[in-house]
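A short worksheet on the structure shown next.
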Amino acid sequence: MERLRALAEKVTNWGRWGADDERGTINFITPDVVRRAAACVRRGEVFSLGLTFGAEGPQIGQGGRVNPLHIMTATEARLGADPDAPRYSDDVVVMPLQCATQWDSLAHVFYGGQLYNGFPASTLTAAGASRNGIDKQGAGIVSRGVLLDVARVRGVARLAPGTAITPDDLEAAERAQGIRAERGDVLLVRTGHITVFTKDGNREGYMRQAPGLGVACAEWLHRREVAAVACDNNAVEVLPFEDPTLPLPLHQLCLRDMGLTLGEMFDLEALAADCAADGTWECLFTAPPLKVTGAVGSPLNPLAVK
Amino acid sequence: MERLRALAEKVTNWGRWGADDERGTINFITPDVVRRAAACVRRGEVFSLGLTFGAEGPQIGQGGRVNPLHIMTATEARLGADPDAPRYSDDVVVMPLQCATQWDSLAHVFYGGQLYNGFPASTLTAAGASRNGIDKQGAGIVSRGVLLDVARVRGVARLAPGTAITPDDLEAAERAQGIRAERGDVLLVRTGHITVFTKDGNREGYMRQAPGLGVACAEWLHRREVAAVACDNNAVEVLPFEDPTLPLPLHQLCLRDMGLTLGEMFDLEALAADCAADGTWECLFTAPPLKVTGAVGSPLNPLAVK
Amino acid sequence: MERLRALAEKVTNWGRWGADDERGTINFITPDVVRRAAACVRRGEVFSLGLTFGAEGPQIGQGGRVNPLHIMTATEARLGADPDAPRYSDDVVVMPLQCATQWDSLAHVFYGGQLYNGFPASTLTAAGASRNGIDKQGAGIVSRGVLLDVARVRGVARLAPGTAITPDDLEAAERAQGIRAERGDVLLVRTGHITVFTKDGNREGYMRQAPGLGVACAEWLHRREVAAVACDNNAVEVLPFEDPTLPLPLHQLCLRDMGLTLGEMFDLEALAADCAADGTWECLFTAPPLKVTGAVGSPLNPLAVK
Amino acid sequence: MERLRALAEKVTNWGRWGADDERGTINFITPDVVRRAAACVRRGEVFSLGLTFGAEGPQIGQGGRVNPLHIMTATEARLGADPDAPRYSDDVVVMPLQCATQWDSLAHVFYGGQLYNGFPASTLTAAGASRNGIDKQGAGIVSRGVLLDVARVRGVARLAPGTAITPDDLEAAERAQGIRAERGDVLLVRTGHITVFTKDGNREGYMRQAPGLGVACAEWLHRREVAAVACDNNAVEVLPFEDPTLPLPLHQLCLRDMGLTLGEMFDLEALAADCAADGTWECLFTAPPLKVTGAVGSPLNPLAVK
């Protein structure tokens, strides 16, 4: 915790956008940034970066997280008494808000009794997060997406579980790809690890260990002033943790100290293949969270438009 | 039903995109259309057109639809055994997929034992929609949004419940606003009715009756080849139905015969005010459905970027 | 359906307890019967006949039925601000009402547009069963339980899937065991089939096929005027159906025509072993349904007291 | 907490039934006690002591507890392809396990990091209670029920909210009614408070304040060796708490220290009226919990048979 607090001092954004701010680094997405993002649309092609939400999802029950339960409540319900009447179907979903592709809200992790921007942990109750809930990011998240394909740059199909990505890795990818993450961009980091689930069908292998960002990336992310970072693993950061006594350090530094939201389980395979083919590693990235009131995360279908 | 079948013959798109098509008029959104949409971003301003998802939602229990139940499953759970350990929160949602702002899937209504493009109704089971599910629209829906503010053009704050909007109304709005809905656009129709709920807090008034598109609009929508149509009421079409013996006729013609998806409970108030102020009634419209496998609708947070 | 209607005429109880009756054969449990049941308590031993409700349950997804989802909503929530404050835990369950040991309500199946006692099928809506719901059996079900161990009488550990139990089987068991099912009794029929799930862990084998009562038992059950019948398989009746064109015939005759409720997935193993040991095949049977308003079934923990 | 710990020392049953015991005072229900209970059945009349489970329930959202959500998943589903085919209905429930009439499990509250019988709090995880879960009480709870009608003995329709019932009150009721709570009995205490909800329809009035057992009753309950205690209020104990700094003291002493389970929101009105009429204040009490694996409470339909 000592080390975490020391790092936190270096990267904190508390107060940067006012004492009432609940959006954090999404504030970097100014109208200028949005215009720059729209200008990335050149071919008019759309990529869905989201997993499907259903029984086929990646969850293995960790921390009570299960795959979505989709319940049909009507399949051939009649609209009227006539046996030939038109019909309708309807349905309900039961799901952990972070069961597949998702944004963390800034209320998802904390320490020292305080959430991002100093809001007390007591704002988190059975009624939800009255501060820093995902609903506070409703008008986002639209920006330029910059894909750094660390696996490809390292020349592997996918990084090995436990591989900690460093700032050097990110900068090597920038150089190799000829792009640079700027203020307000959404950083998309590809490790290839998602194929453990999507291609190999190995849920355990996907969820229990993963390559991902090392804690050293926190300062780099802070310096670059990116608006958000998303990855194809299940926690953005590397699993197991670099320091076994310090769980989820990047979560704490990003969400709680920087106010920088994390996107998890993004499927970057098709986008990365396309970027490799055309040599363009930027896109219009649009990923509006579902505005579930007081929620600490949101399921998602992020889109990249090139 | 006779009249419905006669109209259906005029507007059907079955087979237009092949015997296996499950996307319908979303196929009108070609790369050209996407590029034109991106070009609508001039100021870089983002508008969320979605209601929040929570106990405060609009549902009154009709057809078993309730407002979302948001369940916190952790509020101060410890990451490790140390009493000072970092914490996390987590949550679950239970919700009808069409409980607030949403897309209908092309499997949501049908008649004559067939869904859009002729798929048999037997493809709808307790396991979900194996055909025409909302997951089939995963790579969408990104296009140009064209807002027709029928209420404003008629000079009222909101149209009266039961008012059937006609093709003449839509064209009058086009003329007054200096814009025209083209192939591949997403048409956004404002009635102002959503303020019955959002301003007056009158759920019953919002849900039980509404102004909306009359059945005569079906042919107009077909002719214009729009990709989708969304409205600020709860069913796109007018309530009560023009012909009391024919429930949800526009749903049937749009979803089942044309393969044209409907967006419901879109909050167009802020966007419309902005458009009236700057005289620009088009936007980049991005509204990716949540890819719930086999679902017949999807909750949504649609964004308009100007 | 012809044959079903012919049988239905022979066993119908419609009107027997008045035009408003929603309890059916539970009406056979008069105070006399309850007193006789209490007199069965000789040793004071209690047997739970219920499966547990959890992820380990028997469901395999048929008809959308899944095993219960148990969600912890608090595990160490503090009662007050003091770090040493007392704590509490809390939880939520999501479950199909017929996912494990359960009663069917008299609204669970029907044909010809009418439920038990002639109530129209339109009383079944998205809001639940306004007639014949399981909540109407709230003051029950307490009676004498009579266990007929058909497997044991036939000298097998369990009957083979597809074996149709006949009235002769039931009477042979009565004779062998020295007991007779009387008016108002709850009949417990053991096939041993539940061990396919509980001992072998074979969900598919338990759910897809089963020994069970043949349709010929309907008249016998009617003649004996039992209050309810429960079995250790998942549908009381034999699977596959004796006549493949007539699904769930015993359900229809019992629930819809006789108003005789069915108990499914009762674990009779320990009780049967005890009865075989002491030669006493009757018990005080107490199995109150959960009074879920308008529900068409109820999860259950039935008890037998000897 | 000091005072709580001092009281705890006096009433603790840890180790009394062995180091592995998870049933607590239910162990007092020996076969003798069950036989005595069965002997209470004289007239053969059955009373349901449970509230219904549905949207009409008592919950007001405290601590995230809501009323059950009952979802119909089929209302007229066909069994086969024939339009005249038999039909079935089916349903799902979503509910807090303690949303209406219910048993607390011995894992529901704790302090000092230990549950009943010394099991560590770490046995409570997102996966449920691996120790002291309600499923451990599966073979119960059947015993003699002894109703003490404190309201009636005090000559009021219902006790005022905030009234702390004392051991003297309980003994006065025993004397007035001519009955005595013995080892193994289930004590039913009537305050009349449930009518605030059931008759007046005042959920807030029912849930926020209540008459109930004062903390002084802990030693009395311990001395009498009752198996369980149930009440018609929502927490058994008095609300607000006698000492505002010590929340739910009786919960802690009963559940955590004595291993004595609590029954809440029991509707004792009809039973009490009957007992007053015939002068008999005992019954066969049968209230099997639903065996939800690892659950910390169970919804219930308790029955009293006289």
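Residue numbering begins at 1 within each chain, and the chains themselves are lettered A, B, C and D in the order written.
Keep this in mind: contacts are C-beta pairs under 8 Å (C-beta built on N, C-alpha and C of every residue); 3 or more make two chains touch, one makes a residue touch a chain.
No experiment lies behind these values; they were computed from the predicted model shown.
J.: Return the chain pair with more inter-chain C-beta contacts, choosing between A-C and A-B.
T.: So, comparing the two chain pairs, more contacts are at A-B.
J.: Regarding the subunit B and subunit D pair, does the interface count as same (over half of residue numbers shared) or different (under half shared)?
T.: same
J.: Greatest Cα-centroid separation from subunit C: which chain?
T.: Farthest by centroid: A.
J.: Taking the mean of the CA coordinates per chain, how far is subunit A from subunit B in Å?
T.: 26
J.: Just the number, please: Cα centre separation of subunit A and subunit C in whole Å.
T.: 47
J.: Mark out which residues of subunit D touch at least two other chains, giving numbers and ranges.
T.: Residues 55, 61, 63-64, 71-77, 92, 94, 126-127 of subunit D touch two or more partner chains.
J.: Going by the contact rule at the top, pick out the subunit C residues touching subunit B in the complex.
T.: It is residues 61, 63-65, 71-78, 83, 92, 94, 125-127 of subunit C that touch subunit B.
J.: Residue numbers of subunit C touching subunit D in their complex, please.
T.: Within the complex, subunit C touches subunit D at residues 1, 4, 30-35, 37-39, 41-48, 50-56, 63-65, 68, 70, 72-77, 79-80, 82, 84-98, 107-112, 121, 124-129, 135, 138-140, 142, 245, 247-248, 251-252, 284, 286-297, 299-303, 305.
J.: Contact residues on subunit B for subunit D in the complex?
T.: For this pair, the touching residues of subunit B are 55, 61, 64, 66, 69, 71-74, 77, 81, 94, 122, 126.
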